[in-house]
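Look at the two complexes coming up: chain A is in both, with chain B in one and chain C in the other.
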Partner chain A sequence: MSVPGFFDEAADSSGRAREHYRTVQEWFDRLTPAQVSGLEEQRNESFRRQGITFTVYGGEEGTERTWPMDLFPRIIDASEWAVLERGLTQRITALNRFLDDIYAGEQAAVHEGIVPRRLITSSSGFEREAMNVSVPLGARCLVAGIDLVRGADGVYRVLEDNLRNPSGISYVIENRAAMTKLLPAVFSDMAVRSVDHYGRSLLRALRSVAPPACGDDPTVAVLTPGIFNSAYFEHAFLARSMGVELVEGRDLVVDDHVVAMRTTQGLERVDVIYRRIDDHFLDPVVFNPHSTLGVPGLMAATRAGTVTIANSVGNGVGDDKAVYAYVPELIRFYLGEEPIIPNADTYLLWEPDQRAEVLERLDELVVKPVAESGGYGIVIGPTATDAELAEAREKIVADPRNWIAQEVVGLSTLPAWAGDHFASRHIDLRPFVLCGEQAEVIPGGLTRVALREGSLIVNSSQGGGSKDTWVLGNPDPAAAPS
Partner chain B sequence: MLARHAEDMFWAGRYLERAEDTARMVRATLLSTVAESPAQALHRMHDLTRTLRLEAPAPAEGAQTIAESLTSSPPMLRSQAGLDIDVQAAATRLVCSSAVAGSVVFCIGRARENFRSLRDQIPSELWEEINRFHLQLGHADFPGAMEQDPFRTLDSIRVSCQTLNGVLSTSMARGEAYRFLALGQNLERSLMTCRLIQARYPEMDGSSYDEMALTLRSVSALEAYQRTMHSSPLASDVARFLLLSDAFPRSVLFCLRLSESHVGSMAANGQPPPLRRLGQLRSGLEFADFDEMATDLPTHLRALETGVREAADLVGDHFFRNAEAFTLHSQAVKPGAPS
Partner chain C sequence: MRLDICYRTKFVFDAPARESQNELRACPASDGRQRLLGYRVLVEPSARMLSFTDYWGTRVDQFGVTDSHAELEVTAEASVETQDPPSFSREAPRRSLADPDFLDRHQEYLNPTRHTSWDEAMAAEARDLTGPDAHDAVGTAMHIADHVADRLSYQPGTTEIGQPITAILANGTGVCQDYAHLAVAMCRSVGMPARYVSGYLFSSSDRTGSIEGDLVRVQTHAWFEAAVPGQGWLALDPTNRLAVGRQHVKIGHGRDYGDVPPLRGVYSGPGVPRLEAAVEIRRMDPTRQPPAPMRPSLLAAVRAPRTRDQQQQQQQ
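Showing the complex of A and B:
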């Protein structure tokens, strides 16, 4: 069932189920296709009833689809997870140090020549408005989603960092809730680590970055663009699981550098805003003046230190895909450690030598715009048409700073239901890391799967689905990661 | 609680109540038309449309006006369910047409939209139930079911509404969110009962059981009325019961008492305008001399309806728009102000 040339997560080279997949594989082997279809129907019905949907832009405008979750789970054993957990914590710690160094520190990474200055200043994610705005604990990236892939060699690599508004955590939790109901018998045989506590952990992290002056009971709110945003479901989910208000820009006012929300009892002060609005829409006074989603005066209040915005403004410089290439160096520079999880091999197209090589091998590489997320704008050389390659070449030559190229990483595979049988499909993994007083990695994360045969694109906006991700508890408590 | 959320809650409550009441009234009216001539039946549907404060539905292509049908007495055209075809069409419109503001489908759609923006405020069970209900109403077969078996369809709507109310009352904390929802429901309910009395009072002449039964069935009050008022067919007794009953949850007085207590529990201090207005309305009914009221009931009912609508507006001014004045001020904050 494996696809030659790719790492099969569930089976070894001889085709036998790997140790940690054995129980699940046997369980699915016993099901008839009709039984699997029955479970799928049950799942769709449950998602539809709960309104667990996402919006796809383009095509038929704003189509709402139910969330596509494949039944075959992804499983990560305890020792493998312990390594990932340390690697993710290391990476996000270094990135937070870097962001704080750039915006509120001495820019040591630039002065020491680790990162070229022009790379920072030319990044579309770099915000001058955030200069010298300090953030409690230096936790500029409070919630990170780091995309990992596993190549043919079985090594996990970081494909990209999402330090702005990573989404998907609500689906992690809803996937688990659905799976527990659909396959209760499987869970009882395995020690799967819980993900349910995310809301509590997020609230603790958000409260830990409240302005010191606001006392020991800070008020937290989630700021959403509103009901028409594709991730509205998640925004509401997070507010509900934290038990805080879900506000829109029009619910907030800034008066004398203090942010308050309009309540039935008048104005109530807000201390920490978990915003799910992009930087440029946050405050029409300093950013896009036409934005009606934001709050006039919000940046001034942030600068005055009366409110903390999480994630901080300007984090885009940290997940710029050209800066990504320097992250291993940044880890060595700030932490004095070797990176635990390596990068995918990356070419910077503004370097003439690298560009020349890439343009020659364009049909073998993946080309990505540096500031996009969600899989938009990616060109995959081996599967692209000649016209697409020619267009990519033109764009790269016109604006090399805006592009990077990477070797094609063979995404590992797992069985996924293909209508009447299970077939190998490519997957990636987005773990979520919270960085308040200390970093916390939520066990597992969002496994995305390319449901089309042979496809390497896992984004839900582009025909991808998801899988529940199980991290197994360590059977030996003495060896459990601390 | 956020003022915007409170307002959405309040309106969700009004829409839910409106949908349930409309379904009940349509059902009672259809039931009363079964044995009537097409002209009488159509006349009843028009009365109902007026009670619901909706425009009279445009007559179907080629249909006769009421006056024409009264004189020509044509053979009755029957729908699948055996009802007069125009009556059936009007009922289907009041229930199924998303173009009629106030139809059941319209109201449930709006209530769901409101709840959708309140996902963080309401129990998941409530969201799932309204979502299920909405999907049921939006199903392509639904208007067909209404044509084929209107009574069963209307009963299923009532049961869905009652399920929602059950979920509400058993799973929602009695915080502000719940209170605004319940306030919206009770104000809407008092308005609907008030309008029903206005429309039905002149039709009840004291001799017809059917007229009395239609009025009471429209708010599911027939059984309660029979037990407490021993089936008196007098219009004034029916009106007295629907206005002033202490025990019946759809009487105007009962709804106003609940509304007042919800507003009272949310008013931080003193007597804000909506509380005063509701208190005046409630005490006006509580201490009313009904026999004196009965001498000019239409005027009293009109004043009462206006009063309740004013109270609803005052709720909006006091709770939902109390911080509006800050908008202009906040925009004066300049960028880069000193820290």
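Showing the complex of A and C:
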């Protein structure tokens, strides 16, 4: 069932189930297609009832769909996870050091020649309005989502960093909740590490970056653009799981550089804002003056140090895909360590030599815009039409700083239900890392799966689905559900 | 020259504003050429100030008024001591602009921005003017400044901020911001890093205002600076065809107007504000040098390195 040339997560080269997949594989092997379809029906009904949906933009219809979770889980054994956990912690620690160096430090990485200055100044994510705004603990990226893929050699590589507003954690938790209901027998046979402590961990991380002057009991709020945002479900979910207020910009007011929210009991001071609004909509005084989603004066309050915004403004410079190419060097520079999880091989198109090579081999490479996420704007050489390649070439030549190219990474495969049988489909992994007083990697993360045969595009916005992701090991007592 | 500056802006709303949040950039910079002796900001209705230095090095005073108000008056008073800038030599060849380290340091001053994006027609105009090897770096900037001064005629109140370069060129008229943006765009289009400067000008020949003895009533002014390899930023005032000198008081610089607007903010409420803005500059020096006159050509004035004596001769 494997796809030749790709790493099969569940089976070895002889087709035998890998040790950590054996229980699950045997369990699914015993089911008839009708039983699997029955489970799928239950799953759909449960998601529909809870309103767990997502919006697809740019298709023929801007549509709301039920969350497509495939039943066959992704499983990561304890020792493999331990390496990933260390590697992710290392990476986000270095990225936070970099962001704080750029915005609130001496820009040592520039002065020491690790990155060229123009890499920063030409990044659309470099936000000059955040300059010299300090953040408690230097935790500028409090919630990171780091996308990993596993190539034919079985090596995990980082495909991109998401340091602004990574979404998807609510699906991780909802997937688990659904799976424990659908497959209770499997869970009782295996030690799967819990994920439902996320709300408590997030709240702890947010409170740890409260302004020092605000006392022992800081007030946290989640700032959403509103119900029409595609991730509104997640914003509401997170506020609920932390037990904090979900607010929109119009619910907040800045008075004498202090932020307060309007409540039924009057104004209540807010100390930490977990914002899920993009930088440019946060404060019409300094950003888009026509934005009604934000809060006038919020940036000044942040600068005054009376409130902390998480994630910090300007993190886009850290997940710029041209900066990504330098992350291994940044890890060596800030931490004096060798990177534990390597990058995918990447070409910087503003370097004339690299650009020339890429333009020669455009049909073999993946080309990505540096500041986008969610799979938008990506051109996959081997499957692109001549017209698409010509267009990509034109765009690269016109604005080389805006593009990178990468070798195609063969995404690993797992069985996924294809209507009447299980078939191999490509997957990636977005683990979530919280960085408060110390980094905490949520066991597993969001495994995304390309549900169409042969497709390498896993983004839910592009027709991808997800899988529950199980990390095996003794459940962490601190993370046990309450 | 010792100058006392009073910047005043008043918003009068036809229906009271519920809230306003503002940022003021009116404080003279302290750099090699000028020294700030004192600065204070008054706001009516009163508001708490947050003062900080932004990315570009400009002092910002941020304040919000959260009670209903029909008027908002901002007054900034500054005392500043200015000097003429050091003279620039004509030794930096044009090709020195292509030095990789120089480019790396000045990347953000080379790209088009919202107010400085140019088209091929403007680029060709700038190219013809400067020629690929015709001038050294300093000559390039001065030719551009002269050309902008020739190309545009000053017409107060003709434009709002944000007139695109193509419109400036098509109309052939503008205010100091337009002169500065056009010069910046032309410099960048030929590979010369350039930045927009916001400031004040004490001058009888400044076409934005009037003079009575030692007091001028003007508006805020704008000019530009071009980066000269090995020498720093050369400041030129195309609106008045002047090399920037002691009568110029710099507030700050940026990629264009948007990085250093004197006052920006938002208000909420149904009202529409009427704006009254004025700048008064008083010369406090005991020695009475008349303000610099206009010059027929920037190039003629700046071509030879000047000593202080020579300059005083020119001014008489």
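In this section, the second predicted complex is superposed on the first by the 469 of 482 C-alpha atoms of A that agree within 3 Å, B and C clash if a C-alpha of one lies under 4 Å from a C-alpha of the other, contacts with A are read in each partner's own complex, and residues count from 1 in each chain.
The rule is short, and it goes like this: a contact is a pair of C-beta atoms (placed from the backbone, for glycine too) under 8 Å apart; a residue touches a chain by one contact, two chains touch by 3 or more.
Everything quoted here is computed from the prediction, not taken from an experiment.
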{"item": "Touched partner set for A:Arg49, first chain B, second chain C, both or neither", "value": "first"}
{"item": "Per-residue contact with chain A, leading partner among chain C and chain B", "value": "B"}
{"item": "First, second, both or neither for A:Arg117, with chain B first and chain C second", "value": "second"}
{"item": "First (chain B), second (chain C), both or neither touched by A:Ala236", "value": "first"}
{"item": "Contacts of A:Pro289 with chain B and chain C, given as first, second, both or neither", "value": "second"}
{"item": "Touched partner set for A:Val397, first chain B, second chain C, both or neither", "value": "neither"}
{"item": "Which superposed partner A:Val155 touches (first chain B, second chain C, both, neither)", "value": "neither"}
{"item": "Which superposed partner A:His257 touches (first chain B, second chain C, both, neither)", "value": "both"}
{"item": "First (chain B), second (chain C), both or neither touched by A:Glu245", "value": "first"}
{"item": "Touched partner set for A:Ala300, first chain B, second chain C, both or neither", "value": "both"}
{"item": "Chain B/chain C common contact set on chain A", "value": "253-257, 285-286, 296-297, 300, 303-304"}
{"item": "Of chain A, residues touching chain C in the complex", "value": "116-118, 121-122, 128-129, 131-132, 253-257, 284-286, 289, 296-297, 300, 303-304"}
{"item": "Chain A contact footprint on chain B (complex, rising order)", "value": "1-6, 113, 116-117, 119-121, 124, 127-128, 131-132, 135, 176, 180, 266, 268, 319-320, 322-324, 326-327, 329-331, 333-337, 339"}
{"item": "Chain A-touching residues of chain C, taken from the complex the two chains share", "value": "19, 21-23, 47-48, 50, 52-56, 62, 64, 66, 103-105, 107-108, 111, 259, 264-266, 268"}
{"item": "Residues of chain A touching chain B in the complex", "value": "48-51, 222, 226-227, 233, 236-237, 239-240, 244-248, 250-251, 253-257, 260-267, 285-286, 296-297, 299-301, 303-305"}
